[in-house]
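What follows is a set of structures to go through.
Next, two complexes with chain A in common: one pairs it with chain B, the other with chain C.
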Partner chain A sequence: MPENASALQLVLSGDPALYAIVRLSLVVSLSAALFATLIGVPFGALIALNRFPGREAVVVVLNALMGLPPVVVGLAVYLLLSRSGPLGELGILFTPQAMIVAQTILIAPIIAALARQTLEDLWNEYRDELAAMDVGPLGRIATLIWDARFSLVTALLAGFGRAAAEVGAVIIVGGNIDGFTRTMTTAIALETSKGDLPLAIGLGMVLLAIVILVNALAWGTRSIGQRVAG
Partner chain B sequence: MISRRFILLAGIAASLTAAPAAAQEKSIVVASTTSTQDSGLFGHILPLFKAKTGIDVKVVSQGTGQALETGRRGDADVVFVHAKSLEEKFVAEGFGVKRYPVMYNDFILIGPNSDPAGIKGSRDIVAALKTIKAKIAPFISRGDKSGTHAAELALWRLAAIDIAKEKSDKILGPWYREIGQGMGAALNTASASNGYVLADRGTWLSFKNRGELEIAVEGDQRLFNQYGVILVNPAKHPNVKQELGQAFIDWIISPEGQKAIADYKINGQQLFFPNATAPGA
Partner chain C sequence: MRAFAGDLPIVLEDASVVAGALTILDRVSLRLAAGAPTALIGPNGAGKTTLLRLAMGLIAPARGKVSWDGSESSSPTRRALMFQRPVMLRRSTAANIRYALAAAGVGRSERAARVSELLALVGLASLGERPARRLSGGEQQRLALARALAKDPAVLFLDEPTASLDPAATKAVEDVIRAVSSRGIKVVLATHDLGQARRLGGDIVLLHRGRVIEVSPAAAFFSNPKTPEARRFVAGELLV
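So, the complex of A and B:
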């Protein structure tokens, strides 16, 4: 980004470096939210609908994992993907793919835990009906997920928000490489360390605006969806 | 609905697998220090290198200790750092092929303009550090095993003050504050707490949040700060891009690369002084 520019100037002038950073932040965090949903929702559903020994412990651990420190996830993924680590062959450390992997791990528990709660509440409501209709286990899960889809969007957004806001994991596994793995949050950390506090806070405002925009879009889609679905 | 979702997923999967293929097209990873990045040096010289060779240099900027560790693990092709003894150890252990001196700048002692230790204008860094301790003026240490941190500890030893030992004996006073962060963060902390801090001149010149801070001590020979560049040993890590990495090293120590370094200035001040050919650098 050019020297001595304010965040507002960068936004208004359509600074390509800033837009590349915004694009990467969105691609990484939205991909992570999507993958984490694909993992987390079925996992949450399995726990919601099944009774097994140690289930309470699994629920407690899952809820606790919502508070996973990003820097710990980042370090674990770093050690995994490092050339000296078990998955070093992939060669994806310091790439956006590594950042997506780290954020997926970070937010999958959040989405799973929220989905578990949502689906369990719905399950209590539907249980007798579904039993009477003699629906199989997969059918039950599908029905519950489908009927809870609008609430599950909130879980996805919670995951996305967490991913878009974190810096600890992406800076370790991405390396904050200029024009390649620099996101909004790592750029903010960098500008802070350069002592350019006005630009750093300005970028923070831009990040906030983007997160609000994504949430507004999701809300709009949800409202339209609910109206169409009745 | 499902098919549309499937297409979306397939698209993401395809973009994920396609990205590395494009990225591997002539690029290297250089693990370097916060000073080279924060000072803007790389922003100046890397476009010149890319224009000449087409090689994309991806800089991961860390402290010297962490950058060498990144090299040790095989996660970088080249390390570009500033702590000669650690660099020589890195090569001796077989992790690096050869160390080439590149350039130097100097460290400066930064402090508040109220100057509680009364050392402003001194050219004797050792005496200044002794005074800071005697007057228990706040001192901010990087505390992150970076090159600057190593240099700072070496200067304290020259002043016959063993920080590590005082720390383990639990007699180190609260005037000495280890923050465990980069150069910019240390300057921010010094600015906020009116403390003294050892900084490299490059980061200082490009630093924007100076507040009450100014240079307290400079010009001492012992504040010399040498940078070296090393290719990570392909014998240890076969994934190292030997040819491209060496091309970067050859360029940066060539007259052209050295001129590019000398040409980088902030407000007319040269930040780094090339010395690839200086004996013993």
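So, the complex of A and C:
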């Protein structure tokens, strides 16, 4: 990284150190969003379509977990993966894999809770028609997920946005190792405290751009959904 | 003629449906057999919708029993129900019908031809690609009718099929109902529109406060109602 370069120069010149950090952040948070969707959507669907004792408590807890503090998730995953922890033998603490695990745990409840709400609303609307059409349990879930796909993509993007912007979980389980587990948010925290403001500001600009892009995608998905499905 | 085995006649014997302390249907006995359409009439809250759901097999009676061709358990594979406010799936008009065909077990290769046939039957051939939720009220009603017909039913239940439609849209829906009935499909429709019952009904069932008050052939019901409630209803008085 050239000395005395301004934040804008770093971003526009495609500074390799800066872009390596951006790339790692995207890989970690996108992977987490993908895994969290694979876990969260079926889980949300299960709660949306079934009545069982304690269901309301599960919904309340799930909604509360949307506000899970990242540092708490980081601490829990740290304890799990540390050498003396139950999963210590995997040896993945302070690696990108550990960061993906932590962010998946952080955002799976967000995606599950949003999916639960979306699928339950649609289910209330479709229930009678699907019963009259004699559609089986698996067919119902498939129909709801398909017809709610645009809203579910929005849930995925919300999860990704949360993961990309958090610092607490990744700094604890990733360790902010230069060139290996340093993400945009952990780098900003470090560079700011070191006084290297251009890099911190440059990363902040990229992060903001990504957040805006994600929201634009969510908005675009919504309007495509309205055009296709009415 | 199609085979009716498994569905008709539908026989209700002293069937009651309750919701909490409220009795929605009170010891209803009724026999729905093949033939001309049966019109269920009566004021709002008389139990028409509940009777349709019961005969469809979507709900079970709290007391009494319902049987389809003698069997008390029968999955609704050859019975179809069109709800008063049908819900359009968030798909195109054609995709709504395709979905119903798939749910009815119609093979992939046959679906395209059946979709065009059903769209033409209900007069929506030119609107196949439009999102179903963008259709007008009358068009949605006709799409719901096509969707109900997708499973090639032996019995078709219709809940207020033309409520809140204008005369032209009502006529379009009634024409389809007549065509369906002439194909040998038993139509059972709930309506509070006496004119519609007169136009379509072969038999009339008058419901009031969850009870069957009178069952008569349409001509006799309108010219010579037997019960005081039916006389008042036919005379256009408000039955409350």
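One rule holds for everything that comes next: the second predicted complex is superposed on the first by the 204 of 230 C-alpha atoms of A that agree within 3 Å, B and C clash if a C-alpha of one lies under 4 Å from a C-alpha of the other, contacts with A are read in each partner's own complex, and residues count from 1 in each chain.
Rule of thumb we're sticking to: contacts are C-beta pairs under 8 Å (C-beta built on N, C-alpha and C of every residue); 3 or more make two chains touch, one makes a residue touch a chain.
Please read all numbers here as calculations on a predicted model, not as lab measurements.
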Can A:D147 be said to touch chain B (first), chain C (second), both, or neither? second
Could you say whether A:N215 touches chain B, chain C, both of them, or neither, answering first, second, both or neither? neither
Of the partners chain B and chain C, which touch A:A131 in the superposed model: first, second, both, neither? second
Looking at A:R83, would you say it contacts chain B, chain C, both, or neither? Reply first, second, both or neither. first
Counting residues of chain A touched by each of chain B and chain C, the higher count belongs to B
Going by the contact rule set out at the top, does A:S6 touch chain B (first), chain C (second), both, or neither? neither
Looking at A:N63, would you say it contacts chain B, chain C, both, or neither? Reply first, second, both or neither. neither
Under the stated contact criterion, what part of chain B meets chain A in this complex? 9, 12, 16, 19-20, 23, 29, 34, 37-38, 40, 42-43, 58-61, 72-75, 181-185, 187-188, 191, 206-210, 237, 239
Considering only the defined contacts, which chain A positions touch chain B in the complex? 3, 31, 34, 82-85, 88, 91-97, 100, 175-178, 180-181, 190, 192-197
Using the touch definition from the top, list the residues of chain C that touch chain A in their complex. 56, 58, 75-77, 80-81, 83, 86-91, 99-100, 103-104, 131-134, 147-148, 151
Under the definition above, what is the set of chain A residues touching chain C in their complex? 125-126, 128-135, 139, 143, 147, 227-230
